[in-house]
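Each structure below appears as structure tokens.
Look at the two complexes coming up: chain A is in both, with chain B in one and chain C in the other.
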Partner chain A sequence: MPELLNIDNLHLEFDTYDGVVKVLAGVDLKMQRGDVLGLVGETGCGKSMTALSVPRLIPMPPGRITAGRVTFNGEDILSKTESEMEAFRARHVGMIFQDPVTNLNPLFTIREQLVDAVLYQRAQGQKVPGRWRGFLPSVRQMRMEAHDRAVELMRLTGIPDGDKRIFDYPHQFSGGMRQRVLIAMALAGDPDLLIADEPTTALDVTIQAQILRLIRSLVSQLGLTVLLITHNLGVVARSCERVAVMYSGRVVEESPVRELFKNPKHPYTRGLIAAVPQKDISRGGLEGIPGMIPNLIDPPAGCRFHPRCEHVMETCRSAVPPAIPVGEGHTASCFLYPEDA
Partner chain B sequence: MNIRFYILRRIALVIPTLIGLSILTFSIARVVPGDPVGLAAGPQATEEIKAALRRELGLDQPLPVQYVNYMAGLFRGDWGESLYTRRPVIDALRAFWPATLELTTAAVIIATVLGVPAGVISAMYRNRLPDHVARILSLFFVSFPSFWLAMIFQTWFGLDLGWFPISKRLPVLVAPPAATTGLYLVDSLIQLDFETFLVSLRHLFIPALVLSFGAFASITRITRASMVEALEKDFVRMERAIGIPYRIIIFKYVLRNALIATITVISLNFGWLMAGAILIETIFDWPGLGLYAVKASLSLDFQPIMGIAILYGIVFSIVNILTDIVYGVLDPRIRYG
Partner chain C sequence: MSLLLEVNNLQKYFPVRGGLFNRRVADFRAVDDVSFALQEGKTLGLVGESGSGKTTIGKCILRLLEPTAGQILYDGADITHLKQRDLRRLRSEVQMIYQAPAASLNGRMTVGQIIGEPLWIHEQLKGDAARERVLELMNVVGLKEEHYYRYPHEFSGGQQQRIGIARALAVQPRLIVLDEPTSALDVSVQAQILNLLQDLQDQFDLTYLFISHDLGVVRYMCDEVALLYLGKIVEVAETEVIFEAPKHPYTQALISAIPEPDPDMQREEIIIRGDLSHSFPQHGCPFAPRCHAEKLATCETVPPPLIEIERQHQVACHLHPPISIAEIH
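For the complex of A and B:
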């Protein structure tokens, strides 16, 4: 049985006035059904772009995929037509984004948006009879069922009084509740994969914890497969089983969560973990990784981390390190490994 | 706050506007340089005759008294009379206004029906061929003076091709439908007189089309701009990500966000077209209010001028109320805010 998701050597570039931005430079990522994978990295490392390439929501042009494959259940996604993609998104993928305020349409009730999510995800690209045809008993029946499903989804995502609140508009909900509505919309068609792109970044800390708890409980209730994108290692530690660390357009290390925190291998990961503020920061202030994120128009040759790496070797400047197994389900893309070599 | 209260509040807000407008036009009509009574009485009139005329018209009284009398008259349906024809202003408005209203409304409808889809298509195919075509067309039409286009259309479609009549609302020998609203299209439908309906539609089409061009251009441009802006919103990406078809996103979710700006421009255009119809009315010999208004202002015939200003004010206020109501229907945040 093939992996649910297999991103293989994905290269993505953007044309800009300043030049070609090499956003992704060979991303490899595999997910099995039931995985909860965290994708972490700094701003601009390409984690959102990796996520958006699965439902193919990267605007092209200016974006351009120059190499690589993305397969889902063995199906090649990059060769699908746009209308096949619409059906694909409806059937297989649910996605939630960072800002719950701007991701809901302000002019429509939650009911309108949630019922549409249910109807179109069930239809999987087929035509859905419009609301104006509600006088037909079959359409009426269909819309009533969708309404019931919408209320059920609101209950599932922990929105109290869903049967009444469904008639409200987004501005009548708090940020945390809106994010729950968005999760409900993403789950409306029982997707195989839920992609959560920084779902808690725009929320305050207590609400963050609630949303993460909700995602965890949905994972155990529904057996969801989740790709969780975040720059927050704490979020990963609490929510994921596996974690992939990205740096400048590549996955540099992948491992089970505990293993990664206990035994980070890649110098970048080590720096990242060292940079997490401790409760007692009076001892030495905040740690950082020296240097800057590389310029993606003219990235460093070889390993893109080499200008900032304390273990830099001659090969790092010219060759791109492959992913080397360094433990049980643990790989790192670094020439320091294998250690016995 | 429910929608009924919202509408009532909008209507209530119009009242002070109209009072302000009436004071303003009243004052302007009284302080314009020139002597309307002198003009009306003729060059040979003696001072006594002029004084008698002033007294007869109530112009010898203090301004506030005149104003109160005038306003009281308005509510009784007495809008004063023309100094020249000595006919009641209200009769002239009744006779000429429906023609202008019909022409303007038809032009706004044409501009909206063509302009909104053109703007949507432009935005959907931004910087591609359909966008360029729509933008060039709208620039083309807005760049030509409407009186020139009017004459060209008259020549082509009226004389050379013979498809459309070149003037008036109806042929001389056809009796207008019984006046309920004064709008021939509406009245003929009420009478179920489809023949007259078609004939008056043919008369209306070319003048309304020419009049609509400027509005078409601005509606297209604003619809395109606000669609482009709305298409960049986060919720569009979210809706696509969860599998809502693109055409549903465009025509249901995005268009409604874009329409707020478009509605504003449509209502503004309605006002401009009412005022700007005069050229088209002249060219097509359209018996509208424009010509009456121009004659009145050239001869300082202040009663018709004020009557027209107040009528336009009322109509514009109604259009504004309707616009506000549409805002409220489109955007719940306005309704509840």
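For the complex of A and C:
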């Protein structure tokens, strides 16, 4: 079965006044239809950049893709023209972001914003007839249908009284409800892929649990494929089937969820799991990872984790470790594991 | 062991203004009748969702906010109505570490100046004597000597938080209010900072009031935990008790909502409806509209008092009535 999404050896750089920032240095990621993949990593490891390069939302310049391919359903994304991309975004990819406040326009009601999203999707990225054309029967009909669809989307995402609340402004919604509105908006185009970029980071734990439950139920109801970006390993353990761990512009380990937590292979993944305060850790038992994330203008040669790694070997300093299979559907990019095992 | 801090019936209402002449039309009850005590050398966690009043309590203890009513006893002395002059002495004993390390450091001062400022204010220390103390403090929190002349923006979040910690330690405080000290940091850095805080506590006999919304961190750091909901304490107990045998429905829901990094963990997931809303019925239990437990007639009419149901375990819930005298005998 062909992959829905295939990111192959993606290299991304940004030009800044301080020099060229090598944000992504060979990201490989594959997603099958129906996957729920968690992309985990710390600040600055490139998880959002990886996700944003799928709908090609990275501003270029200053960004620059220097190598690699992104294919979606077999289509090459990087060679599409901008207008083809608009149609692609409208039909295939929905995105939700961390901060539900800044992603809604405070000056328009939810209805206006949701209806716009629905119409944009129906027009497949072409120009949407303005509201002022509502005197034309065809346009009015279209907008009324879009309204019904918007209410339907609100019901789907669990917003009570959607038919009334659709006339409210964003400030009248709580954080969790706003995130639901954004999910509704992302679903307007029946996307194949939902990219959720830290969707619960700004929310309280009780609301986080509600939103994660909603995402899971959408996966089973609509057969969505979800790329869930988060820095919270707990969120991944609860909602994903597969995990990819990123460090400094590369995927260092990829595995089914259970396997990753039971049997982490890459030293970075081990460090990350050991750094989360958990139930059985007594006072003083928490381990951090020594050092800091590397500077991306002048990253360490070889494996980018080697300056912080306790198992560092001579090869680590010069060669980039390939993804080595270490178990059933489990790969780790680390020289600790023999390549032909 | 002595009580270092005692808070009795603390209230902080903020005025809601509106109407003609911008009158005070209502009160926003940020903190409503909160009482707790903190033993010297211990760590008490204040936990709650955003808007539950955690930070307001912290600020009232330092008198950065004036409490509306109630009493704060520090080391046996009432500090609720201290005059501005005496407050300085209080603040050399009680310090605060803030959530956003970047925003709490002055971007126009070097690290040396930032950490040295409290030394000048409280001990009139300057010149080489101050420099020596600053370098000593920097060493304690894991900063290097060459950082002395650098500016905050040159540091990562974790390093900035170390600067904030060094600044708080400069006056040799006994009590530190930690307001979400690691919520802006990545987990690997968070672990470093939490370990540093524990080392400092052992080294300098510090007492912590640890404000956080992250229950995992609280379980790791605290001896005792108080849970806040809409400005009221709903449950207080030792950390183990809170996590192993929570009694209040809100505590139960909150603990079940922590995403544990363990996919095999099977537990009952309690999803509470709705979200924190200050428009709860003023008469009953503030949690009643979201509560998943069985409803009693009194839930909507009588606010549940915080009562001791076991030794050192207080709960404010009608489902957990006090143990009657008869039961004890």
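As a convention for this text, the second predicted complex is superposed on the first by the 331 of 341 C-alpha atoms of A that agree within 3 Å, B and C clash if a C-alpha of one lies under 4 Å from a C-alpha of the other, contacts with A are read in each partner's own complex, and residues count from 1 in each chain.
The definition used in the following text is that a residue touches a chain if its C-beta (ideal position, glycine included) is under 8 Å from a C-beta of that chain, and two chains touch if they have at least 3 such contacts.
Quantities reported herein were computed from a predicted structural model and do not represent experimental measurements.
Once the two complexes are laid over each other on the shared chain, residue contacts for A:Arg258 go to chain C alone; chain B is not touched. Of the two partner chains placed by the overlay, neither chain B nor chain C lies in contact with A:Phe305. Of the two partner chains placed by the overlay, only chain C lies in contact with A:Gln210; chain B stays clear of it. When the shared chain is aligned, no partner comes close enough to touch A:Phe72: not chain B, not chain C. Looking at the shared chain after the overlay, A:Phe335 reaches neither chain B nor chain C. Comparing which residues of chain A touch chain B with which touch chain C, the overlap is empty. By the touch criterion given at the top, residues 49-50, 156-159, 186-192, 194-195, 198, 213-217, 219-221, 243, 253-254, 256-265, 269, 271-272, 275-277 of chain C touch chain A in their complex. Remark: chain A residues 55, 57, 82, 86-91, 93-97, 99, 102-109, 116-117, 120-121, 124-125, 169, 171, 182, 185-186, 188-189, 195 touch chain B in the complex.
Within the complex formed with chain C, the residues of chain A that make contact are 42-43, 174-177, 204-210, 212-213, 231-238, 257-258, 261-262, 271-279, 281, 283-284, 286-290, 292-293. Within the complex formed with chain A, the residues of chain B that make contact are 233-235, 237-246, 248, 252-253, 256-257, 330-333, 336.
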